[in-house]
Structures are given as C-alpha cells and as structure tokens.
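For reference, the structures are reproduced in the following blocks.
Next, two complexes with chain A in common: one pairs it with chain B, the other with chain C.
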Partner chain A sequence: MKHWTKIAAAAAATALIGSAAIAEGLFAPNLSYRTGPFAATGIPLMNGQKDYMAMLNARDGGIGGAPIDFAECETGYSTQKGVECYEKTKGEAIVTQPWSTGITLQVLPKTNVDNIPILAPGYGFSPMMDGKTFQWAFNTPSGYWDGADMIVQYLESQGDLSGKKIAFLHLDHPYGKEPIPIFEQLAAEKGFEFTPIPVGLKEMQNQSAQWLQIRRMRPDNVIMWGWGAMNAGAITEAVKTKYPMDQFIGVWWSGHDADLALVGDAGKGYKSISWSFPNLDAPVMADIKKHVVDAGLSDSNETEMNGVFYARGIIISAILSEGIAAAQAEYGTAEINAEQLRWGLENINMTEERIAELGLDGMVPPFSTSCANHTGHSGGWMLEWNGTGFDKVSDHMTPNVDGYRALAAEKAAEYATANAPWPTNDACDAES
Partner chain B sequence: MLADIFINPFIEMFAYPDFLMQVLWEGLVSGILYALIALGFVLIFRSSRIFNFAQGIMVVFAALTLVGLHAFGIPAWISVILTLGVMFGLAVTIERVVLRPLVGQPDIILFMATIGITLFLIGFGETIFGGENKVMITSELGIPTGDTVLEPFGGLLILQHLDITVVVVATLLVGGLIAFLNYTSMGRAIRALGDDHQAALSVGISLQTIWVLVWFIAGIIALVTGIAWGARAGVSFALEVIAYKALPVLMLGGLESITGAIVGGLMIGMLEKLFEIYWGQPLLGGNTETWFAFVLALVVLLFRPQGLFGEKIIERV
Partner chain C sequence: MLYRTAGQFKTSYKADQALFPVRQDAILLGIIMVFAWVIFPFTASEFAFQTMLIPVLIYALASMGLNILTGYAGQLSLGTAAFMGVGAYACYKLLTIMPWMNPVVAIFLSGFFSAGIGVVFGIPSLRIKGFYLAIATLAAQFFLVWLFEKWAWLYNYNASGAIQVPNTTTLGTYVTGPLASSMTQYYVVLGIVTVMTILCINLTRGNLGRMWKATRDMDIAAELIGINLMKSKLIAFAISSYIVGVAGALYVFMWKGAAEPNLFDIPLSFEILFIAIIGGLGSILGNFLGAILIVGLPVVLNLLPDALGIPISSALVEHLNIMIVGSLIVFFLIIEPHGLARLWALIREKLIIWPFPH
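Here is the complex of A and B:
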C-alpha cells in the first residue's frame, strides 16, 4: 500500500512538472530520427534545429518571451512510429514536424481534422504548395518539384537537353518517387529520355545492380533522390564504376558532407541543389557557440557544425520561429495556439534584411509565404563538392513554378476528392 | 514480350560478354558476403537450435567497435584484436546472462531472447557510438582500395581490389571454418551437438563452452562482414538490414548446412544480379533484388521443404 502511495505521488508530481513545462512555453515537438538506417543524415539536421531553438531560449528567453519546448519524439524514420509520435504529441503541440514524406502523407489528413499545422521544410507532398487546399500544411521554403525543376534548369544551362539520357536514382519510398511527375513532364517538354532507377531499403548499401544498369545505359547525367545510407552507397558506387562525378547531381537531401567525406577527392565535381548553405561567419553561428555550445547544451561537434545539414537544421528552426513571431505580432500574445501559428506560417516574409537581422546571412535565399502559397519557392544554389566541403557554384536560382502550377492544382484537387470531405480555405481565392 | 523474356536477355549476354562478366563478378562478391552472414546463423543454429536474430546487429556492433577503438588512437590491427576481445566478451555475456537460464526452454523462447539481444545491442550501440555514418579504416588495415581494369573481348571489366580481397578473405575464412569443424576436437564437439544434443552431453561435451565458442565464431564472422560491407559505404546502423539478405539464403540452403549457406549465398548473389539486370530492370522497372531471393527460396521449398542441403526430419509417431 505504501508503495502504491509513493508511486501515485511520483506520478502526480511528474504530471505536474510535465504540464507546467508545457504551459510555460510553446510546445513545438520534432518527430526526429537519431536512430536506425537514416540516423546518419538525421542527426546533424536535428542538432541544428535543436541548437537554434536552445539558442533562442538562452539568448532571448524564447520567442516573444515564450520559451520553446522543443521535445523530440524518435521515429527511426518509420512511418508507423511517426504516426504514433504525432498522436502522442498533438494534444499540446502548436505544430508537427513529421520529418519524412511517408509520415507527412500519413498525418496530412489528420492535421486537417486536428487543426495542427504541418511544417515539412523541403520535403513532403509537393502539391502542398497549394495553400487553399492544404491549409494546414507547409513545405517552406522549397518543395521537391522546385528542386527537380532547378536541377533540370541547371543541366539545361550546360547544354541542350534534347535527346539526352537522364537516369533518376531514387529511394524506393514515397520520398524518392515524389518528383517523378515533374521530371516526366519536363522530359516531355525538353525532349530528354528519363529513366527512374529505384533503390530498395535493403539495397541502400549494395547498389551494384543499379550502377550496372547505369553503366549499360550510359546516361548523360544521373540525378539522385537519396537519403540515409543510400547517399553514401550511391556515391561510393559512382566512384567505383568511374561515373563522371561532374555529371552526378543530388537533391538537397543528397548533399551531406559526411557522405562525400567517405570518398574525399574522388567525389570532386558532385553537385547538390540546396536552399541552405553553411556560413560559419554568420552571427547566428557565434550566438549558438556562445549560448549553446559553450554552455554544454549542444549534442553536435565542430565537424558537423561546419556542414550543410547542420546549417539546414538551423534554417528550419528559423522558419518555424519566424512563423511563431509573425503569429505573436498578429494576435498580440506570446502564448499562441496551433491555429494562430497556421496564420503565422502563412505570413512569413524572409527578406534579405530580415535574414541579416536574424544573423543568417548567406544561409538561405529570401522567400515569403501567403494564403495560397505554402511553399515560398525560395529557390536555391547549386553546390559542388571540392574534396573537403561544398562550394556554391551558381547564383541564386529560382524554380519556374508556373510550369507546374497547373499540375499541382490538379494533384491537390485529386487529393481533396479522394479524402472528401476536405475543407479548403476559400479566403485564398482573393490572392489568385 | 516473350522475346524480352526468352531471347533478348541471352542475345545481350552474348553481345556484351564483358558486361555479363561484370554482372557475375558483382554477384559473386555479394553472394560471398551473403554466405558469410548465413554462416553465422547456421553455426549457432546447428549447435543450439537457436535462430540468432541478432546476427545483423552483431555485424554493426563489431564494425562500430573496430572504428570506435581506432578513433581513440589505437593502431588498426590492435583495434581488430581488441574488437575480437569485445566479441568474445559479448559471447560469454550472452551465454551467461541470456542463454544459460533458458536451457531447456522451447526454441521460440530462445529465438525471442535473441530479438531481445538485438534490441539491447541497437540501444547500447547507439548510446556508445552514436548513429552517424563512420568511415571504415580500410587503408589503415592494409586493405587495397584501387582497381584493376581488364578488357576481355575488347570490353571493360573493373575489378575492385577491395572486392578481390573480400573474396579471398571470405574464402579463407570459410575454408578455415570447415577445417576447424572437421579436424579439431572443438569443431567435432560443435557438430556432435548439432547432430544429437543428448548424446553429445552424455559424452562430456560442455554445452556452455560450445555456446560461447559458436557465438564467438559468429562474432568473428560478423567482424569480417562488417569490415567488408563497411568499406563499401561506411559503417552505420543501416548495415543491420544486410543481415536480412541472409534469410532467403538459409531458406534455400537449409538452416543446418554449412555447405548450404555457402552454395545458397553464391546462388542467390549471382542469380538475383542476373535476374535484376537482364529481366528485372527491362521488364519490371528494377529493384527486384528486394524480393527475387525470397521467391527463389520459396520455389525451392516447394520441392525440398528442408532446403537444398538441409536435413530431412523423419519423426516417428
């Protein structure tokens, strides 16, 4: 009996502490993955996100005076666990950050009912750009179709694509298949031959069959939509099979320093489109060092902090914090709720001036969101591996959104019909 | 369509024999590695009737230990010896803490215990080593990383020195293992336990010693496999999924048979590669390696339920 009393008292105290922690700030859970086959690419991103929020908490007391409770729920990149994490955290959360296209697709219909914004920066379902249909979903600042379009633009800038062969090496997963419609559309428009080559989850580290196919096909370019161990597997196979690295381009999730470090100089010339870039001289890095690293609050290390993915984690948290700040200003309260954050994420205005004000100089291109535009279409830069790190090798590129706006609207309408009744935000009509 | 199935692939094989040789070589390398992992399963199953679900995570754990020790400044080959020590310690711990208390329990309980070992090693490994991808210390171990380019039939055949090393080392390891099992008293004891538990125990063979030994040998195999796979694309927890490729090898070759593991591994490695390149990619859009081995194993099981080299169990009722 005595034991039961103690257990009950401990449970009550824990519940009180837990609720007090959430009540004091804004609960912004992150469905992270620091374990499993995708941990290698997940860890630096999660560290960047966490350190930026920790820096805001330490330096400014949070955002607008409200501390951020940036709890992580581990998914291991498993869609099933991701949905469990969503259900577990949605009660108090002002946002959900699903961190996988598979999880995003699963929770997308739920968030429309639960009225919680999904923040999926640079991933998720590309037609989420249509804010009227996907009023609770944001894939700011760039979607996969933006990435696909910019890669094709870049290749076209190197020469006419008509009659060329392009192989598309992709993870056999919703994420990897996401840009296929836009590539097919662009292939038809520009006259290149487009061949998807899937890589199964169990084959990520043994891609010899895929690279034999590439050797047989002799493509002019290979575009990669890889993640986790697939990136390292592909890059090492490319080196092994002597595929010209300057004809090999990855999406932003396939441009991880640690993956390229495996091959070092042999990877020179490999490119990756990116909407973020590490700038070690940016003021935000000094603030993170002072308030987080030196205080022993960071899980990161120097090598990781110099890389592209850590910097991208920072940008992702900065996007969320800008959404929170915009909502706080609009509604005149620090303790905003999920619905108010939805408005905030719809009204981000990341100008060059604002980027500099946040200390993020050169780390993200300017962009803005609106009721109808939930992506922002920031564009990005082409990065190139120099043997030890990535360099920017292009000016700021922007996607030709008009080229696939109609396709996005069509896919969004299909989604809404398939998930009817699907409420839309007719207020966005005023924009179009 | 029929031509794409029955004629065109063979025409392509004859038209580009160098490419066919490359496909077969890549299949051979994969097959040897599958066989190695399968051997780890077979050894433990033969001596204890335990299907060791933890074989995959042992590959990761061994490779991470090696890389982790070297990161502390310990010379590469000393790190290998220390890693073997760690794997021996792991074998002793598993036998003492997990297996010994479960002696006499149904097989399924022991199988569940190995799932527990897997989950523990995942958590423990991630706590100690972190989840980041790490570079295998290939050159520090003296493993060559260049390649030899041949031009058979006027074509191109690239042989990675790493792959050649893997084939040679794996062959030596398998040969050594067979010699150990056939020509040493300990090896014969392992085989005796596999043949008849009660009879083996009655002549004084120590179950505990043999279990430690087979788990340690599985640990050595895990280390070699971890080095081979890790040298290809880094060392991370993604390596664990490689172990699942051994499952159809076991189905095909039989759970008790060392010969089955070797032949099954080589067959699956080469056939899945041939099928993917000449039929899977042109006709099915590729990625057939995910399921081909299982289908092949199932077809074999239809005709030989015990696998190609498994023992036919006859029970009197």
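Here is the complex of A and C:
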C-alpha cells in the first residue's frame, strides 16, 4: 500500500519537471526509437535529425538566434511509451514528432485540443494532406499516396501496364494498408492486375508463405510497403527465390542500406522510391562533419552517414527548421510558440535556390506547403541499389495529386465526422 | 505499535467475519481512498493522469479479471488480451450503432459480449487442465486477434483498420474521445474499478469463491463433495471475461483513444499475467500492487534522471529501465514467491506482533 506514495512522489516529481523544463531556446522534442524491434531503422534517422540540429546550434547558434533544444524521448516504437512521451513533452514543446503510425493515430485527435503541430514527414495518414481538416498535422514533403502514384508512374515509363500482374507485399498494419486505395484506383485505370499480399507482424522475418505465393503467381512486379525486420526478410527471401531484383520496388521506408548490404551484389537492381537522397558532396554534409562529428557530438558512424536514412533524418530536421524560420520571419520573434510554428509549417517554400542556400543540393526535391496543402507533394526520385549504395535512376518525378484529391477530401471528411465535433479551418481555399 | 490489535474484541460472529477485522486496515484503506478520490485528482498533472493513475487502475482491473479465473478458480488463461479486445470492439460497435447510448452504460454492456466469448472458449476447461488449457485459451488469443483484423464490420470499414473513439457526453460533459478531460476519465475509471473491486471481494469471500477455491485446490475432491465443476468453471470464465471485457473497453475508451488489432496481441496477455503473478495469485490487493510495479514504476524511473539532473540519453534510460524493472521482478519473486500481496500480508503480521516477535 505504501506504493501509493510512489505515485504521489511521481506526481510531485512531474510537477517539478513541468516547471523545470522551461529551457532557453526552442523545445523541439523527438519521439525517438533507438530501442526495440525497429531500432535498426530508427537509429540512423534519429542520428541524422539530431546531427543537423546540433550543426545548426554549433554553426549558427540555432535558428534565427534561438538555440534548438532537440531532446529525445525514447518510445521503442511502442504506442504506450509514445503517448507517455507526448504527455511529458507537450507542455513546452513547439512540435511533436511521433515517429510511428500507432502513435500518430492516438495523438492526432488530441492536437486540436492541445494546439500543437504534428510533424510526420513521409508517414502517417495520407489524407493529412488536407490542411483544412487536419489543421495541426503535417506529412511533408510526400505522403504514401504520392509514393504509390509515383511507383506506378515509374513502372508505366518502363512499359505499358495493361494486363500486367503486380503483387503488393505489405505489412498487415495501418501503415501497410494505407496505399491500397490508390493502387486499386490506378489498377482499374491502367488495367493491371493488383494483388495485395499481407505480411503479419509476427511473420515479418519468415515470409516463405508469401514468397511461395509470389513464385506461383509470377507477378511482373512486386511493390513492397515494409518496415523494420520485414524489409530485410523480404529482400533475403527474394534473393533466395531468385525473384528478379530489378522488378522489385519498395517505398521510401523499404530502402535502408543496411537491409540491402546483407545481400550485397545479389540485391543489385532493387529499387526504392524516395524523397531524399544522400548526396555526400552537399555542403551540409561537410558542415556536419566539421561542427558535429569532429567536435565529438555525433553518435553516428561513417557507414551510417553514407546511407539513405541518415540523409533523410537531415532532411526532416531541415523541414522543421524551415518551418521555424518561416514562423520567426512572420512573427518577428525568435522564440516562437506552437501556434506560430503551425503557421510556419504551412508556409514552407523550399525552392531550388533555398535548397542550395541550405546546402542540401540534390538531397530533397523542391516543394512548398500552404494552408490547404500540408504535404507539399515534393515528388521524388527512384533509387536503385548498385551492390554497395543507392543511385538515382530517374529524373525528379511528381505525383499526379489530382487523381486522388477527391478521395483525400472524402477520407478527411469521414475522419472529421467520426471524431465530431472536429473543427476545420474554412479560411483556407481548397486549391493547393 | 501502529498495528496493535489489543483491545479490539470480537463479540459476535458478524464482527469476526467482517471485511476488516483489524481496525487499522479500515483506516489505511480509508486514507488510500481519500488519496484516490480527492487528493490525486486535484493535484495530478495531465501527465500523471495519462501515464500512471488511469493505466494503473485499468491494468489492475484486467488483472483482477484474470485473477478470478487463474488465481481463484485455478484455470490458467493466456487469452486475456483477446477478451479485452472483445470488450473494446463491442463497446465501439455499441457506441457507433447507437450514438445516443451513455458511454458508461456501453462499457458495462460490452463486458457481456466478452463474457459470452469467454464461456465459449472456457468449454475446453471441462476436459483439460493446466498447461493444456493455457494452449486452448491461446487459440482464443490468435483467433480473436485475427478476427479483429479481418472482420471489417468490426472497425466500420475504416481504411487503416483501426478504431477511433468518438466524442461522447454524459450529463453535458465529454466522457470519451479527445475532448474529454483526464480528470473526468479518471473518475469514471475509478468509479468502475471501485464497483468491480467491491464485487470481486464479495464474490471471492462468498459461496462462489469457496466453490472456485475448492475447484482450484483439487477438482476431484471438489466434485466428490458435491460441487458442480462445469458450473464452477464456466461461471469463473464468464465473470472473469466480463471484468476483463470491461477493462478492455476502459483501456481503449478511457485511455488509449484509438486501437489497432495488434494492440490486443499476446504481449498484452503476458503483461497482465505478470501483473497477476507478481501481485499475487488469489488476491485482490495484489492486482493493484502488481499494476503499480509493472505499469507505474517504469514511468517513475524514466522521470528520475531528469528530476535529479543526471544528463543521460533517453535511449539509455530506457535500457536501464528494462533492466531495473526486470531485476525487481526477480527480486520480489525470490523474497516472496507468492507475490507482493503476500509480502504485504507478512509485513502486516510482523507489524501486528511488533515489538515482540514469537
């Protein structure tokens, strides 16, 4: 029974921390996952994000003169821990970066009440692109529906799709199911046969049944929406069953260097659509080397820093810092709050010039967000594994957003009805 | 000294069989109740509500349901999370089909669905025991989670396959959904858990409880003295699943706010089983102690480095946390294999005879 006193002590401790955590600068916490089953993919992303912010602090003294307090709160990709972190940080934070579909789902309805922007770059619920409904959520620069559309565009550029068979190997989870409506719509339009093949969370590392099905079906292409251990599982299984790698395409989360390094040359030809690219010659990499790595502030290593995921982490932090900078310019203060950052994230304008100015040449396609368009639809490049790293094998592709704008609006409206009363921002016009 | 029982005479059978034969117990419980009902709600921060107070109560309730089945009736079950899922999905369907329904009523009703499913999966217990029965309930675990994924009607054909808690009101205040305040939700949870706990204490002290204990200790002997095993086991399954189902509905509607099918997968079953075992099988108090240790303590440990101003990375804290909680579990089970409730009982006994040990 005396354990109850522990709760009391904890409550007191929380109150204490709540008041003590008001640090100088801008508090932009990251709900990281360096532990747990998805740590292998999480660590390079987290390191990239952290190192970019550390570089800004060291080189420029933060953003607009305000240092960034980029604290991490460890979730281990668990929803429960994620909500714990959200509750712990939301008081002073200007942004929340949930880093998992499960956490995003739980936090999304609360953001309207707590008034704090969610930054979910390249993941989360695709209809979040509708900024009118999802005022506080941002999945810049590209959503899953954009990715699905670009993959189909790429396949079409390789030859007519009608009559072809495309298998869709996906994690049987909200994340994996996300692009299915777009693929089904495109399959009907372009006349290809689309077969979803789910991989259960428990079968991620043993996909023999799924690959047996693929072998029997002989699809012209396999598209993969995998995460964590599922990617490595699928790639090794594809090599084992001798599936032609150049017909195998993954989403951006399925293009992790370490997964492909496992098979090395046997993985040559594997492709992944991506809105980020590790350009090692970009000035930002040299700055990070100089200000962060050489100063001993980085947790990363050489191999990891050459990879796609580390570079993506940099881009994600760059998007956030652009949002912060936009808000600072608009409101004329360095110490912006969550509400002002929301405006900033809605007014990111990443032009070619701005990308070059930031030293991110060739690492992210240009894009801009607006009040109604919270995604930006940057488009991306098709990357191909060459045995040791990823190469760009396509020009900058852009998704055909008009194809699913109506669907996004419909899903967003459905979400708003299910969560009524749900305020929408009617000041925005629907155009993006 | 504090627990001296000298002078507390029992002059009637009724007094002798009272819930609190020792006056100090009642006083202690009263103090805890004041804390739970008055002091915590008015001092706790949003963070404390969401990460400690509400989840500890909900986990304790789920564990209590399991304890009725495993601790009192002796039927080992690994399907707790699935039965929680039945409660949660039933509550979701009730509230979306009949939006006018009071959410608290819906939560109580959803337990009945879970009880029905529990009885069905309890039928094998009439023929098999122990580990074999655990495997049969494991089947429930796999089958039901699969059903939550595949039966799209359950989640109203939502594209992502998840259920979202709607905003609902009772007496003009939001009780469920993102608009509900943590304090309201805490009081609803606390109210339901209190009612359920009183129910459980009385059930386990009464006729049914004795029947269950006889079944647990030796079912052949129980049958010989005239206990209907079928009745005893199936009632245990029904009541246990009812409580677990209510806990599941609370879990999603009063705390999580959204749920995907794999939330109700086997790790949750194990977590609740651990709470029951570490707290103490065959006790009601143990569920609360176990939930505090398994659910509340890691949160407190996570806060410590920050509160003490020790600069270590969040990932390292998490690793340390897992190690500390793991070793505490081993430690407690070594010093008292029957769980925390038994440990408390021993401490209390020592306090009663203190300072003159036998």
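Observations on the structure shown:
Please note the rule applied: the second predicted complex is superposed on the first by the 406 of 432 C-alpha atoms of A that agree within 3 Å, B and C clash if a C-alpha of one lies under 4 Å from a C-alpha of the other, contacts with A are read in each partner's own complex, and residues count from 1 in each chain.
Methods note: contacts are C-beta pairs under 8 Å (C-beta built on N, C-alpha and C of every residue); 3 or more make two chains touch, one makes a residue touch a chain.
Model, not experiment: these values are computed from the prediction.
When the two structures are aligned on the shared chain, A:Leu201 is found in touch with chain B and with chain C.
Applying the stated contact rule after C-alpha superposition, one finds that A:Leu105 touches chain C and leaves chain B untouched. Look at A:Ala261: by the touch rule set out above, it reaches chain B but stays clear of chain C. In the superposition on chain A, contact of A:Thr35 is made with both chain B and chain C.
Counting the residues of chain A touched by each of chain B and chain C gives the higher count for C.
Legend: residue contacts after superposition of the two complexes on their common chain; A:Leu212 is shown touching chain B, with no touch to chain C. Of the two partner chains, chain B is the only one touched by A:Thr236; chain C is not. In the superposition on chain A, contact of A:Gly228 is made with chain B only, not with chain C.
In the superposed model, A:Asp172 lies in contact with both chain B and chain C. Comparing the two complexes, residues 34-35, 172, 201-202 of chain A contact chain B in one case and chain C in the other. Those residues of chain A that touch chain C in the complex are listed here as 1, 3-4, 6-11, 13-18, 21, 32, 34-35, 71-74, 76, 79-81, 83-84, 87-88, 101-102, 105-106, 109-110, 112-113, 125, 172-174, 177-178, 180-181, 201-202, 411, 415, 418-421. Across the interface of their complex, chain A is touched by residues 16, 19, 22-23, 26, 29-30, 122, 126, 130-133, 135, 147, 158, 160, 229, 232-234, 236-242, 244-245, 272-273, 276-277, 281, 285-287, 289-290 of chain B.
Chain A contributes residues 34-40, 42-43, 172, 196-206, 208-210, 212-213, 215-216, 228-229, 232-233, 236-237, 240-242, 258-259, 261-262, 304 to its touches with chain B in the complex.
Those residues of chain C that touch chain A in the shared complex are 28, 32, 35-36, 39-40, 43-48, 50-53, 55-56, 149, 156, 159-162, 164, 166-167, 177-179, 256-258, 260, 262-263, 265, 285, 289, 292-293, 296-297, 299-300, 302-304, 306-307, 313-315, 317-319, 322, 344.
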